[in-house]
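Next come two complexes, and both contain chain A; in the first it sits with chain B, in the second with chain C.
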Partner chain A sequence: MRTLGFLLRKEFKQIFRNKSLLPMIFVAPIIQLLILPLAADYEVKDINISIVDHDHSTYSQQLISKVTASGYFQLADYGNSFKRALKLIESDKSDLILEIPQGFEKNLIRENKEKLFVAVNAINGVKAGLGGAYLAQIISTYNNDIRMRWLQQPKFNPMPQIEVTSSNWFNPHLNYRFFMVPGILAVLVTMVGAYMCGLNIVKEKEVGTIEQINVTPIKKYQFILAKLVPFWIIGIFIFSVGLFLVARWVYGIVPVGSLLLLYSYMSLYMVAVLGLGLLISTFSDTQQQAMSITFFFIIIFMLMSGLFTSIDSMPHWAYIIAKCNPVTYFIEVVRMIVLKGSSFSDIKYHFLVMVGFAIFLNGFAIMNYRKTS
Partner chain B sequence: MADVVLNNIVKTYNKGEVKAVNNVSFEVNKGELFGLIGADGAGKTSIFRILTTLLLPNSGTASVNGFDVVKDYKAIRKNVGYMPGKFSLYQDLSVEENLNFFATVFNTTVTENYDLVKNIYVQLEPFKNRRSGKLSGGMKQKLALCCALIHRPTVLFLDEPTTGVDAVSRREFWEMLKGLKQQGITILVSTPYMDEATLCERIALIQNGSIMSIDTPDEIVKQFPENLFAVRADNMSRLLNMLRSNKQIKSCFSFGDFHHITFQDDNELSQNKLIQTLQEARFKDIELKHITPTIEDCFIKLMN
Partner chain C sequence: MKQFLSFVRKEFYHVFRDSKTLLMLFGIPIVLIILFGFAVTNEIKNAKIVVCDYAKDPASQEIINKLSVSETFLLDRALLSPSQVEEAFRKEDIKLAIIFPANFYKDLQHLNKAQVQIIADGSDPNAASTLTQYATSVIMEYQQKLIQNAKMPYTISPEVRMLYNPELKGTINFVPGIMALVLLLICVLMTAVSIVKEKETGTMEVLLVSPFNPFLVIISKAIPYLALSLVNLAVILLVSVTLLDMPINGSVLLLFGASTLLIICALSLGLLISNVTQSQQSAMLISVMGMMLPTMLFTGFMFPLENMPNALQVFSNIIPSKWYYIIIKSVMIKGLGFSAIWKETLILFGTTCFFLIISLTKFKIRLA
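What follows is the complex of A and B.
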């Protein structure tokens, strides 16, 4: 125990003397939390639309003003040549073309029927899909308006209609940041655990100090614990800064659920991730090697964790990979507790899985760690 | 009584492709200053790593203080001091912090064993708050020695302690080792510098993982089988080529200002004949003299 205390004191001294590591630990997470959630925004706004109007009627004017007033669309061009509008799409100045045919108003009134043409630039799939959907929605609302005005409402609705009203739970304003901030918090903690702990151990190998340590009576568990504990504490510290400083004061996110539950899960998760770092360090001899291996895992873990894309919509094989990823569970739990206020019984299963990860990763790492070669 | 014993130690790397240590056996007596002399890659570090329990031998047994290096490694780690060839203290900790740290991991304190390191540490004292990474090469070696000594080890392993250190510091370092020997510490030191060999009580000459000779430096020199001559002339490189192609000469190596040679027929006649040949080849300032061999001469002799 006394030895462990001395080792820990040494580790902290070294961490606080490392001029390049310190800003990485304390400043980088805050900057990342400030930048990422604002930048990674899924809401599609400012779609450039070109309108080709062959009709120039009151109705076409009304439709155009509905489209531009929706807030989603930016009128890039208004004219009467489809060719010209297509040129704009080709030069990427416009994303959508809405073509209003000649006699739009006339046909609509006389024949109760008219067709509009919408062309979408589908290079950016999300933008195209959402843009098309928004536009279709605006047109159909407009269509309903006209119907109301022209048709006499029958006493009984001739056709049964289902009207859907939706209400958004846990994030009523569909604020994308509410979704992103807890996820990014989880990612930051993962980085500290997997990178810094592993690199620290490998550094001792690379510099050769581990040789000197290995011929001392320091026990394996003491050395490993002295490496894990500081980063475990730093991880919790960063998480707290992110949660109480940035998430609360910048984004106004106040955890709905129990903080105790959140921190106990986070502590457990840190043990698992530190185990990963430890495991990587046993496989590498230089910091460069450790960095490359960790980078490989972190990229996969990030992209397959449900941080950006929902894992439920992944193909089955990818879903299985995501389920083998500890980050997935942590992001899920952070979102559940912070946004939904889930209780222990809701995340029992997550706890169990994380205990498994922690035992597996640390056990494997300790088995693989040798004082003698 | 022997403090360090090696019996037929074999260590191979790359699944037997590289034989680093080949059937090495020797003993180091209690309180002895024993030198392991050999060129780079001779297997010195492998032997040290086996004895300090960092490396497992493929076959053979070894013991330190009577403890087996494989079975009783824990006991050995408590009782030996090891100074690796590469500086391996914490460069971001200060001199004092490094010393304190290594004292505490051995469950002792600096004050408890200060008398042992005092002579060395006084030289470091002015820099005690400096980070060890910022010390000069000689100072680093001294600090490393202090840290290896701070728990009062019974056996001290020094792997090439003077490599990359200037001549003055090297001499000082060997003085310190003599002082430590007087304290009864067994010291096993390796070096690629032949001139340091004479400073040890006994030496083992090692080449390609095998021991060529073990004895006191004087004995090894005495065992040199032939008369050795040093020869000098105005054009040394031409002289070397000429000597090497001369049938009379058995061996010839360049040694600083002189070429060291031995004759096929070791008598006065061949000496005169050589001088005559050299004069005919228009060499000037020819000098030929009989010398006592150095360890290096013995080493080269054994190598061939």
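What follows is the complex of A and C.
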């Protein structure tokens, strides 16, 4: 126990003496947490539209004012050349073209039907889909207006109508930050934990000081514990700063669920992440190697965790990979507790999985760690 | 010149002898492109939903059937009461609940008016609004079918054409983004670390006292990574064209030209980082922790840049991968020529010069 105390003191001294490392550990995550959620906003708004009007009739004008007044669209260009509109799409100045054919008004009244042409820049499929759907909605409302004008108003509602009322629970204003802040916080803690812990041990290997520790009577478990505990504490510290200072004061996110539950999951998760760092360090001889391997895992963990994109949408094989990713569970639990107020019985399964990860990663790492080379 | 070549050779030896790092250098991009080309998409599919059907009549059944065959939804099960709905949201990853009131079909037939309630899990706002939109459109389709029976005059039918990506595949948007991300991060990381490593192990001293120009020492360090990155790029392109069906509509030469520019830009950024750091650890932290998330977000393939607050939009201009992403999209997907991308290329070139000049002026030929 006394040996462990000395070792811990050594580790903390090493960390706090490194003046270039400290800001990276403490300041960088906080700054990122402050800025990044502002950038992660998926709401589709201000779609730029160019309108090509070959008709120049009252009806085409009415339609155009409906489109521009809807709030979804911004008129980027109005003219009568499709080619010019296409040029605007090519240079990303507009996202959508609405082309009104010649004789739009005349054909609609005389022949009872008419077409409109819509071309969408579909490189970003989701944006294109939503933009197209909004425009279709506006056109259909306008269509109904015209019918109303020409048909006599019957006493009863002539058409069957289904009224859809929708509501959003847990985040009624659909504030995207509520979704992003807990997720980004989880990823930052992961990065600090896995990276710092892995690199720290490999550094001793590379510089050769591990040899000096190996010849002392320090036990294997003491050495490993002394490496894990400081980063475990740092991880929890960063998480708390992020949760109480940034999430609470800047974004106004107050956890709905129990803090005790959140912290117990977080502590367990840190053990698993540090185990990952430890495992990587046993596989690499130089910091460059450790870093490349960690980089590889972190970027996969991050993109496959449901942080930005939903894991349900992935093909089945990718879904399985995502389910083998500890970060997935952590992000899910943080969001569940913070936003939905889930209780222990709701996340039992998550606890079980994380205990499994922690045992597997640490066990594997300890087995793989040799005091003699 | 001969000296220079032998220095370059030395650097190549360094790279090729470290097989683990080399494996990572080539393995990472390929795995990432394949993984994310298939898996990471902002489309929403297989979202678990529950229905709470009090009506149990032909109309509600038909709508539920329609929902369950759609790829977007995965009909989990039917629930009995609203309290169960709340529990389901809290416990599982249910994204949407649809509630049909009793007498749904009767109301629709006799009053011509009926109600449906949709409850979405707003903790993921993107999914919530998209799913609500989809579910509403499925219900509207059903309504449209009823209306068609009562023929309506004066119909405007919009004909929608999806340019460049008719099937609305997420890959088209994501692969260029991942390319930009991977090329930038790996180049920055590798150069920064390889230079700082010489500092840390002390061999930099040896190189600096040699009669060789210190600037050429640095340049010879960058050359192997430039070469490897170009090979990497070729492999990435090959994978994305053959496996992911990415089109290359424009000139391949232009694509390589632009990529070389990005790689040089990344190398000079790596050089800059190596100048301001003393240990491999901090070089890695800056280039990975400091750069990974910002690059991912400000390249513009994850979230639309035009939605960000103004200050961040201005900030995104200094991220080289943002310009590269625009260039790649124009060349690969839209098939445009140089005249369409000269502005972005110029900006990328300017950024490169900026990084190079700063790092060369900051470069110290004396240690400590």
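The rule is simple: the second predicted complex is superposed on the first by the 340 of 373 C-alpha atoms of A that agree within 3 Å, B and C clash if a C-alpha of one lies under 4 Å from a C-alpha of the other, contacts with A are read in each partner's own complex, and residues count from 1 in each chain.
We take it that a residue touches a chain if its C-beta (ideal position, glycine included) is under 8 Å from a C-beta of that chain, and two chains touch if they have at least 3 such contacts.
Since the structure is predicted, the reported quantities are computational estimates derived from the model, not experimental observations.
Trainee: Put the two structures on top of each other at chain A: do chain B and chain C fit, or clash?
Mentor: They fit: once the shared chain is superposed, the two partners occupy separate space.
Trainee: According to the contact criterion defined above, which of chain B and chain C contacts more residues of chain A?
Mentor: C
Trainee: On the A-aligned overlay, A:T209 touches which partner chain: chain B = first, chain C = second, or both, or neither?
Mentor: A:T209 contacts chain B only, not chain C.
Trainee: With the two structures laid over each other on chain A, which partner does A:I218 touch: chain B (first), chain C (second), both, or neither?
Mentor: After superposing on A, A:I218 lies in contact with chain B but is clear of chain C.
Trainee: Check the residue A:V241 against both partner chains and state whether it touches chain B (first), chain C (second), both, or neither.
Mentor: Neither partner.
Trainee: State whether A:F179 touches chain B only (first), chain C only (second), both chains, or neither.
Mentor: In the superposed model, A:F179 contacts chain C only, not chain B.
Trainee: Considering only touches as defined above, state whether A:F6 meets chain B (first), chain C (second), both or neither.
Mentor: A:F6 sits against chain B, while chain C stays out of touch.
Trainee: Report, in whole Å, the shortest distance between any C-alpha atom of chain B and any C-alpha atom of chain C after the two complexes are superposed.
Mentor: After superposing on chain A, chain B and chain C come no closer than 11 Å at C-alpha.
Trainee: Touching chain B and also chain C: which chain A residues?
Mentor: Shared contact residues on chain A: 18.
Trainee: Within their complex, state which residues of chain C touch chain A.
Mentor: Those in contact with chain A are residues 18, 20-21, 24-25, 27-28, 31-32, 35-36, 38-48, 74, 86, 89-91, 93, 95, 108-109, 111-130, 132-133, 135-137, 139-140, 142-143, 146-147, 150, 152-166, 168-170, 172-173, 185, 189, 193-194, 197, 277-282, 284-286, 288-290, 292-294, 296-298, 302-304, 306-309, 312, 326, 329-330, 333-334, 336, 340.
Trainee: Touching residues of chain B toward chain A in the complex: what are they?
Mentor: Chain B residues touching chain A: 52-56, 73-74, 77-78, 80, 82, 84, 86-93, 97, 101-102, 104-107, 147.
Trainee: Chain B touches which residues of chain A in the complex?
Mentor: Going by the criterion above, the answer is residues 2-3, 6-7, 10, 13-14, 17-18, 207-218, 371-373.
Trainee: Taking the touch rule as given, give the residues of chain A at its contact with chain C in the complex, in rising order.
Mentor: Going through chain A, the ones touching chain C are 18, 20-21, 24-25, 28-29, 32, 35-36, 38-46, 89-92, 108-109, 112-130, 132-133, 135-136, 139-140, 142-143, 146-147, 150-151, 156-176, 178-179, 184, 187, 191-192, 195, 199, 203, 284-289, 291-293, 295-296, 298-300, 302-304, 308-310, 312-315, 318, 321-322, 332, 335-336, 339-343, 346.
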